[in-house]
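Input: one structure, supplied below.
Letters A, B, C and D mark the chains as written, and numbering starts fresh at 1 in each.
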Amino acid sequence: MTEPSYSEFFQLIEGVFEGVPFVREIGLKLHEVDFEQQTLSAKFVRKPQLIGNHFHNILHGGVIATALDQVGGFTAMVAAYQRMGGAIDWEEKIQRLTRLGTVDMRVDYLKPGRGESFVCGGSVLRVGNKLVVTRMELHNDADELIATGTATYLY
Amino acid sequence: MTEPSYSEFFQLIEGVFEGVPFVREIGLKLHEVDFEQQTLSAKFVRKPQLIGNHFHNILHGGVIATALDQVGGFTAMVAAYQRMGGAIDWEEKIQRLTRLGTVDMRVDYLKPGRGESFVCGGSVLRVGNKLVVTRMELHNDADELIATGTATYLY
Amino acid sequence: MTEPSYSEFFQLIEGVFEGVPFVREIGLKLHEVDFEQQTLSAKFVRKPQLIGNHFHNILHGGVIATALDQVGGFTAMVAAYQRMGGAIDWEEKIQRLTRLGTVDMRVDYLKPGRGESFVCGGSVLRVGNKLVVTRMELHNDADELIATGTATYLY
Amino acid sequence: MTEPSYSEFFQLIEGVFEGVPFVREIGLKLHEVDFEQQTLSAKFVRKPQLIGNHFHNILHGGVIATALDQVGGFTAMVAAYQRMGGAIDWEEKIQRLTRLGTVDMRVDYLKPGRGESFVCGGSVLRVGNKLVVTRMELHNDADELIATGTATYLY
């Protein structure tokens, strides 16, 4: 099997990303991937079942954590994929990426999660041959910074 | 309005807890509250839509973060309620509790989220007149420790 | 007592910052404060007693944590001072600032702490009327990003 | 070279622990190691140069972070050493342990760092073949819980 082009790799990521059952529950869609900058973003819209606070009509903290972890994890996959380079064959790379898991994550809830739609972006702080550390941000449609996160992934 | 008994307060918490829309999505149910020890636990069962990793059939990290944040937040409410004591009247207490929000949270994912059902417990590390810090643990039905968390809440 | 000018406030910060006993141990010096951007930086040079790893001649993680916490705390002070504004009198402001304390901090160690000198910068993620959340970065003299941190302060 | 007994291994740890230059600055001494429970503790006494807050005569947050990171790291070494077991030879084990480094750490500052002396204990939350996650606690001589931490180490 030959290694896919970047555009094929993008479609592969999109399919895997949006096929995750809990991601479908949230309605999170892959938005952009920049392989050179190793950044990635995803979007979702507010739905009644994502609300956490009855009294103030804001997103549940768990919805925000889900978006941050999902975006962080796929940003880490892009970085890990590139880091593995040509020395490892394509199938072994995919094997390692499917085992990639979150080690730990910190979320800072900066403003109440108000808005009609949200975009979550991820970037890489560190990529090693075992670990990737990513930073994530969640903005609402008024471009307010709602939450940030930092997570460590093992692959 | 007179202050409720502890049993009435338990039912109030249960109603608010299980009425949160995103908590209903997950299927998280309040299990036990110990007002003296200031601990609280909740349970949920695995459902197909909570899965995060296609390849290994395990919970999404966001499901785990949701359970930890929800349990931590309600543990914090119990502690804050008691901390406010008799000096503040019942309606003002409830007002402050409805504004309680997560400031930040760290989650450590210790083992893959495998299992048929899960129990998440919370306890208090610090309670002040503005902040509560709680620690949370998630176990599966084989009593394996799947994840731990620490979170700071403002009220 | 009249409120000081910004330049007097800078000197006040510098005196307090560099007067902290453990900061003197490290040799951390206040470098720049930008009151408009609410950013602040400090510098220190490597000394034998700051080493943590015998085998690789790198800074102890605790030295890095100290620099991040100290810079984050003083960045938070600047933000809190401005946030309090004119409604609170000067002496009460100073009182509140002297009680400012770290609630929690996450540090990510991205690269080994090698270098002759280090600069640590802080900026504000959130400033409320009780809490400030700051982000910090530590670079070495080769401009490598050694560590980042996020911390929550109560005032 | 034959593998040392546990008592020889304890002395080896103590020598390495107390030989770390920045640990000597703080005055942190190894107290107890329980190889079966994989727990470890260290002690230090208050000295003028460890103070962080002029106004309230309390430890600098960086001193606390240093103790937590140092104790967590050596707890992780004990766990990693045992995890490597008999399959890896003694010299390779030591090589890997000398490269053990902190990936990230969260510290929660629960009470002001008042006291004449302090004890810091660590225990293991997870030990894998690459990562160890530990939890740490710092108590003062009145047995008050001053701070807790969670850290991830790579070896």
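Assume a contact is a pair of C-beta atoms (placed from the backbone, for glycine too) under 8 Å apart; a residue touches a chain by one contact, two chains touch by 3 or more.
Nothing here was measured: the structure is a model prediction, and the numbers come from that model.
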{"item": "Partner chains that subunit B and subunit C have in common", "value": "A, D"}
{"item": "Type of subunit A:subunit B copy interface by residue overlap (half), same or different", "value": "same"}
{"item": "Whole-Å gap separating subunit A and subunit D, where each centre is the average of the chain's CA atoms", "value": "33"}
{"item": "Centre-of-Cα separation between subunit B and subunit A, whole angstrom", "value": "25"}
{"item": "Touching two or more other chains - residues of subunit A", "value": "103-104, 106, 108, 133, 150, 152"}
{"item": "Residues of subunit A that touch subunit C when the two form their complex", "value": "106, 108, 110-111, 125-126, 133, 135, 145, 148, 150, 152"}
{"item": "Subunit D to subunit A touching residues, read off their complex", "value": "103-104, 106, 130-131, 133, 150, 152, 154"}
{"item": "In the complex with subunit A, residue positions of subunit B that touch it", "value": "16, 19-26, 48-56, 59-63, 65-67, 69-70, 73, 98-99, 101-109, 112"}
